[in-house]
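Both complexes shown next keep chain A, but they swap its partner, so chain B is in the first and chain C is in the second.
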Partner chain A sequence: MNPADPILAIQDLHKSFAGKAKAPVAALRGVSFAVQPREVVGLVGPDGAGKTTLMRLAAGLLVPDQGSATVLGLDSVRDTLLIQGRVSYMPQKFGLYQDLTCQENLDLYADLQSVELAARPARYTRLLEMTGLAPFSDRLAGHLSGGMKQKLGLACALVKSPELLLLDEPTVGVDPVSRRELWRIVGEMVASEGLGVLAATAYLDEAEKCQRVVVLHEGLKLAEGEPAMFREQVRGHSFAVVPTSGTRPRSIQARLVGQPGVVDATIRGGRVRVVTEGASPQVMEGTFPAGMAAEIRPVEPTFEDAFMKLQADTQDATAARTAPSPAASHSPLPASDSVVHTRGLVKRFGSFTAVSDIGFDVHQGEIFGLLGPNGAGKSTTFRMLCGLSKATAGEVRVAGRDLRRTGSYARQRLGYMAQQFSLYGQLSVTENLRFFGRAYGLSGKRLRTRIEWALAEFELAAHRDDSAGLLPGGYKQRLAMAASLLHEPDILFLDEPTSGVDPLARRDFWRRINAFAESGVTVVVTTHFMEEAEYCDRMLIMSQGRELATGTPQEIRDLARTAVHPDPTIEDAFIALAEGTAKPSAPEAKP
Partner chain B sequence: MSKAMRLRGFLRKEILQIRRDPSSIILALVMPVVLLFLFGYGVSLDAKQVPVALVLEDHGPEARELAARFVLSRYFEPVGAMSMAEATAWLDQRRVDGIVQVQTDFAARLQRGEAVPVQVVVNGTDANRAALIQAYVGGILTQWSAQRLARGLPASLPAVSVEQRIWFNDANDSTAFLVPGLVALVMTLIGVLLTALVIAREWERGTMEAILSTPLSVGEIMVGKLLPYFLLGMMGLALSVGLGRLVFHVPFRGSYLVLLLLSTLFLLASLGFGLFISAGTRVQFVAAQISIIAGFLPAFFLSGLLFDLESTPRAIQIVSHIVPARYFVSASHTVFLAGDVWPVLGWDALALGIMSLVLIRLARSRLGKRLEG
Partner chain C sequence: MHAFLSSLARIRTLILKEFLTLLKDPKTRFLVIGPPIVQFFVFGYAATFDLDRVRYAVVDECRSPESRELLSRFAGSPTFRLVGELDSNQAVEDLIDRQGARLVLHVPPTFSRDLLAGRPTQLQVILDGRNSNVAGIALGYVNAIVAQYNAERATGIVAAPSLQAVGRAWFNENLRSRWFIVSALGGEITAVVVLLLTGLSVSREREFGTFDQLLVAPFSPPEILIGKAVPPLVFGMMDGLLLSTAAVLWYGVPFRGSILALLTVLALFMVSVVGVGLFISSLSSTMQQSLLGTFIFLMPAIILSGFTTPIENMPGWLQIATYANPLRYVVGACREIFLHGATLPMVRPLLWPMVVIAGTALSAAGWLFRHRME
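Let's turn to the complex of A and B:
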């Protein structure tokens, strides 16, 4: 192999999978690109774009229907074993043995990759140091936190010095601190050992850290280039709408989403970030009352802006999205200061304290976020709120009542969407809706109207007779949300509604949540995506069962505002709080 | 060199996992003991010390002599009843399993050389047991008449009677029959169920994808999976045989070496089957169901372990030929109860050898280095 040759050359790759009794599904339809030594290439695209299939083809785990993957000058089909000895692949489930310790996992992969015994001690020391796992080398992998598992998975992939590293969504579900560390480790290895990296990712901000980005969409390559090139393509299309004081950015954002000529509208740093079809802010005129915005100013484009524009250009005419028509009427809740009220909430499992002294209030029509990495205690807090689990100590009142005492009254008023897909996979979409509607006491004409509303509102009508278990990821999530909204609840509890959902589907989701909140529904939502916190009116940031900070997005950002970081994001604030460089806020004044 | 290192690493991982996973230890070492005790003590196919009601309406010496034979027999535990009505009530209450009624004119008829009026009533709920009780009663009557004839006394039965003897299992002890068969069951559990589960678990947890992306070859994966579970299966075998010999005093007339050879062949066939199942289904739940339906149940019902295959319908006999456990049960029975009878063992060994080769080849072809299929 010539030193100038690419280490990975993908040539017109096609791959389809036989669907059950249906036509084969084309995962890749003619993709070509290359990865050079010392290069980090990002592979981005929504779910079903073909990212994982491409990774598996490059690792020799699949055989292409047409075209070829040439790794280090070797053909991925003919010389599979030779390639596998020189390449490391970290699958999405990272392949750790939960019942082996960190050290045993490293030993296993060192043996499988034939790392010389003499070279091992130095390598282990270096990897354990880089990943910060040295103190945990005797701990079972199954007992590590999500971020630590991911780092161990990466260490196992790096136990030999690979010439090409294939990473399939290495940072899914990992807290921001660990995400940064993972990318730092990859960067160090590239610098010191000159390997090439192909990393699939669903986080668009990570694409900016790559030298080159390949955008996949439904098995086709949409674009390829340096992140700067992508940014230049949308220069002049990105704007920030600064709300006047007293205006919630959400109110502006909700009005902009789905407007013709508006490609994307998100909330970032307390401002509404807008990407427009043409290079002019004109399309925004008249979409929201002039008094809401203090200023509209052009901003530096990001890769995310370009990605959204690419997606919009691809989807032939984004289906005009109608603003949702939320629950028609809302009987007012009993007069109370807050809809959800907790004080001194504690949950212990044996000697382990999962939640320690959490207290907050949520008011009507508010979107309240519980934020934190996996394992922070969000779901445990959530279950106590919903009355699914008993608090060890503390006070919980929802709609003025204790859910564990007066269950049925309060439960009628709340909708709950569990983190795991909790619908019946074998039942069709309509059957699931009918079941959940009946479970909440709907029947007859009311049930039929509500089901029709749900099918229309969540764009499920085309799938009404499909089994819920066979729906694509984003649709499952929509169906779960529809089921929790059938009985027109006043309070909506959403546990990680956007986990495992691609960026496009996540936007769609928040658009709906916003619309419900605007109509007076109170929403309590957990998420580990820090940027989603911007959609919340107020939030509580948790880590290891404790409250790090509570407040509005603005207040949280202010905590991390320094001379070096004049404009921090919520994620920056989280990292500062977790690392202790920002002081946790004094708990909000409690009435 | 690197091949040996890979294999060593894989084997070490496998052994660590077995040691840390209580479920595989339970399945491999606790289940055999439970099964053995359950079958050794709980399940008995014999009728012994059967409670029977004895209704003596004739109190002459002849009748009492006959009654004494029931009292002395270890198959019966007779209880004297005052009347047939009382005995019937006992039977209804399940206090006795049968009634032996010696009618009033017993002595008189006997003197005249007529058929003796002894009525036997047996609870027929359990047909097998009923047949056994009936046969035992018949046996006692026959013996009694034979002795009377020998002494030149009048008896109702012909002088010549058929003597029954059950070969190989002189004591007619079902434990001696069940334990050798159980060995097949234990090895099926380990070879098929445990193996299928551990590989399906690797698929479920995503570790298989990571393993397949390393330079480990399919042959090395096969050996790495087969060897630890082969050893575990052999431990199960040793445990069953040891317990059978020591606790249940099961006879062992063949040689341990021959048993080892046949067990090896059978275990290889089971492991091959287990690998084959898990190479196709990548979900533990499905793998467990298939192993039980296609592995465990046939080994239980179609192997001759519980029922003699000769007495089953023709169709079942034909089907049983594709069940590896059938050959192993036959071989195991032979080695334990008869000895190294090569005309029987040779065919069993041949069948098991072919089956293990075929199953391991099938598993090999299905367990590729690719993810498709």
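Let's turn to the complex of A and C:
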């Protein structure tokens, strides 16, 4: 192999999968690109774009229908074993043995990859140091937090010093601090060992850090280039709408989403970030009352803007999105303004304190976010709120009651969406909806109307008779949300609703949440996507079971505002808080 | 009233959902009907204590008309099958060692001389005692043939013996062990199916996260309990009645009791097994755990049911343990109904223990729904 040759050359790759009694699904339809040594290439695209299929083809785990994947000058089909000896592949869920310790997992992978015994101690020391896992080498892998598991997975993938590293969404479900660390480790390995990396990712800010990005869409390569090139394509299309004080950015954003000529509208740093179809902010005129915005100014484009524009250009059908039709009426809640009320909430598992002294209030019509990395205690807190788990100490009231003690009536007013897809996979979409509708007391005409509403609102009509378990990821999420909203709840509990969902689906998702909140539904949501915190009215940031800070997005950002960082994002604030460089809000600062 | 009606509606929803999920899954559909039929034939044909064509060999050192006359009775019996005539003790040892024969009949050289002289003589029976059960039964058959031989010879010479035991078995006139086994199959096999169905039902939902969804919804634990219990109950009754009918039609086991008694026994038994299954399932957090739990319960439960070995033979403390075993009652009651012809009042003492077991297990399961959580 010539040193100038690419380490991975993808040539006109085709792959389809035969479905059960259905037409085969084309996962890849002629993709070509190359990865050079010492290069980090990002692979981005929505769910079902073919990212994982491409990774598996490159690792020699699948045989292409047409075209070829040439790895280190070797053909992926003929020389699979040779390739697999020189390439490391880290799938979305890395195969860690949960009942083995970190060290034992490393040993196992070193044995599997036949790493020389003499070379191991030095390699282990380096990897454990890089991943910060050295103090935990005796801990069972199953007892690590999500971020630590991914780091251990990466360490196992790197145990033999590969020439090409294939990473399939290595940071899904990982907190910002761990994400930064994972990318730092990859960067260090590229610098010191000269390997090439192909990384599929759903985080567009991560793609921006790659040297080159390949955008896939429904099995086709949409674009390829350096992030800067993508940014230049949308220069002049990106704007920031600064809301007047007293205006919620969400109100502006909700009005902009789905407007003709508006490609994307998100909330970032307290402002609404808009990408327009033409290079002019004119399309925004008249979409929201003039009094809401203090200023509309052009901003520096990001890769994300370019990605959204690319997506919008390819799929015109979904561009014409209508604002959701939220539940018509809501019976007013009891006079007490605080819908969710907790004080001094503690949860201990044996000697381990998962949640320590958490207290907050959520008011009607508010979107309240519980933020924090995996293992921070968000889900534990959440489960105590829903009555799924008993608090060791402290007080929980939802709509004035303790959900563990109340009867069916109180629970009828809640909607709950669990972290993992938790509907009945064997049942069809309509059967699931019917079951949950009836569970919450709907019947007859009203049930039918609500199911039709859900099928239309969540664009599930085409899949109505498909088994829920076989739906693509984004659709599962929509179905789960539809099921939790059928009975028009007053309070909606959402546990990591956007985990593992592609950027487009996440926008859709928040568009709907906003609409429900506007109509008076109280929403409590957990997330580890820090940028999503911008959609919340108020939030509680947790780490290691403790409260780091509580407040509005503005207040949280203010905590991290420094001379060096005049315009921090929530993510910056979180990292500053987690690392102790910013001080948590004083209790009296709470509203 | 309204609360009651909406509660009923929720239970109905849950039952429909359970049926739908069970019936939609081809593996569950098979589980309900496939293994019971296979087990029905396996138990019916293979699980029998009656010995048939017992392999035996002879060492005839006498070689007289008398010895041939005795041995021909064995050769002519369908119970025995001659596998060889041996001429040395060494050959006997070899044959028994390699399990070539279950037993060897040894006729001593003095056999006919002693017999004709009116002196007592002996027929030596060498048995393979590794399977004590078979050896014992085989020896019984040998004794029966020898007794008959004695009786026939005696009639010609002296007066008939004054004491004779005349056997007359009630309920199972020919003492066919197949009747004994098959009559209880309806309870035994369905217990396995129902335990597997219910054992997985809660833990599967826990593993897939749908159980949280149920707990957050307006369902109360008793509602979930009923919703989860009814479908396996229906499948269990179906299987139980199918197997009981097949026992009569296929194996010709008599059905002498009342159908009402059988229905009541099976129904109460299913409820208690569903209770045990749901208890195991609520105790487990994964399907693997509940599957293990099911088998840990099932093996001793079958042994301690009196299905194959009589409970009276067990040591006292173990006999006490059998009172907590629902299978004990169904096995006993089925035999009573099939063979003895029991009616509902006659099986009543076997019914209430199942009610107690069902009540305890179901309440424990319902309590665990909400409390078996971190």
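Keep in mind that, in the parts below, the second predicted complex is superposed on the first by the 584 of 591 C-alpha atoms of A that agree within 3 Å, B and C clash if a C-alpha of one lies under 4 Å from a C-alpha of the other, contacts with A are read in each partner's own complex, and residues count from 1 in each chain.
Keep this in mind: a residue touches a chain if its C-beta (ideal position, glycine included) is under 8 Å from a C-beta of that chain, and two chains touch if they have at least 3 such contacts.
Treat the numbers as computed from the prediction; the structure is a model and nothing was measured.
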For this session: Give one word, clash or fit, describing how chain B and chain C relate on chain A after superposing.
Result: clash
For this session: Once the structures are superposed on A, label A:Ala439 by its partner contacts, choosing first (chain B), second (chain C), both or neither.
Result: second
Exercise. Once the shared chain is lined up, is A:Gln412 touching chain B (first), chain C (second), both, or neither of them?
Worked result: second
Exercise. Given the touch rule stated above, what does A:Glu431 touch, chain B (first), chain C (second), both, or neither?
Worked result: second
For this session: Look at A:Phe349 in the shared chain and tell me whether it touches chain B only, chain C only, both, or neither; answer first, second, both or neither.
Result: second
For this session: Classify the contacts of A:Gln92 with the two partner chains as first (chain B alone), second (chain C alone), both, or neither.
Result: first
For this session: Check the residue A:Gly270 against both partner chains and state whether it touches chain B (first), chain C (second), both, or neither.
Result: neither
Problem set entry | Which of chain B and chain C A:Ser389 touches, first, second, both or neither | second
Problem set entry | First, second, both or neither for A:Leu81, with chain B first and chain C second | first
For this session: Answer with first, second, both or neither: which of chain B and chain C does A:Pro503 touch in the superposed model?
Result: neither
Problem set entry | chain B and chain C footprints on chain A, overlapping residues | none
Exercise. Of all residues in chain C, which touch chain A in the complex?
Worked result: 3, 6-7, 9-10, 13-14, 16-17, 20-21, 24-25, 208-210, 212-220, 370, 373-374
For this session: Using the touch definition up top, name the residues of chain A that touch chain C in the complex.
Result: 349, 383, 386-390, 404, 407-409, 411-412, 414, 416, 418-427, 431, 435-436, 438-441, 443, 493
Exercise. Mind pulling up the chain B residues that touch chain A in the complex?
Worked result: 1-2, 5-6, 8-10, 12-13, 16-17, 20-21, 205-207, 209-217, 369-372
Problem set entry | Residue ranges of chain A touching chain B (in the complex, touch as defined) | 17, 56, 59-63, 80-82, 84-85, 87-100, 104, 107-114, 156
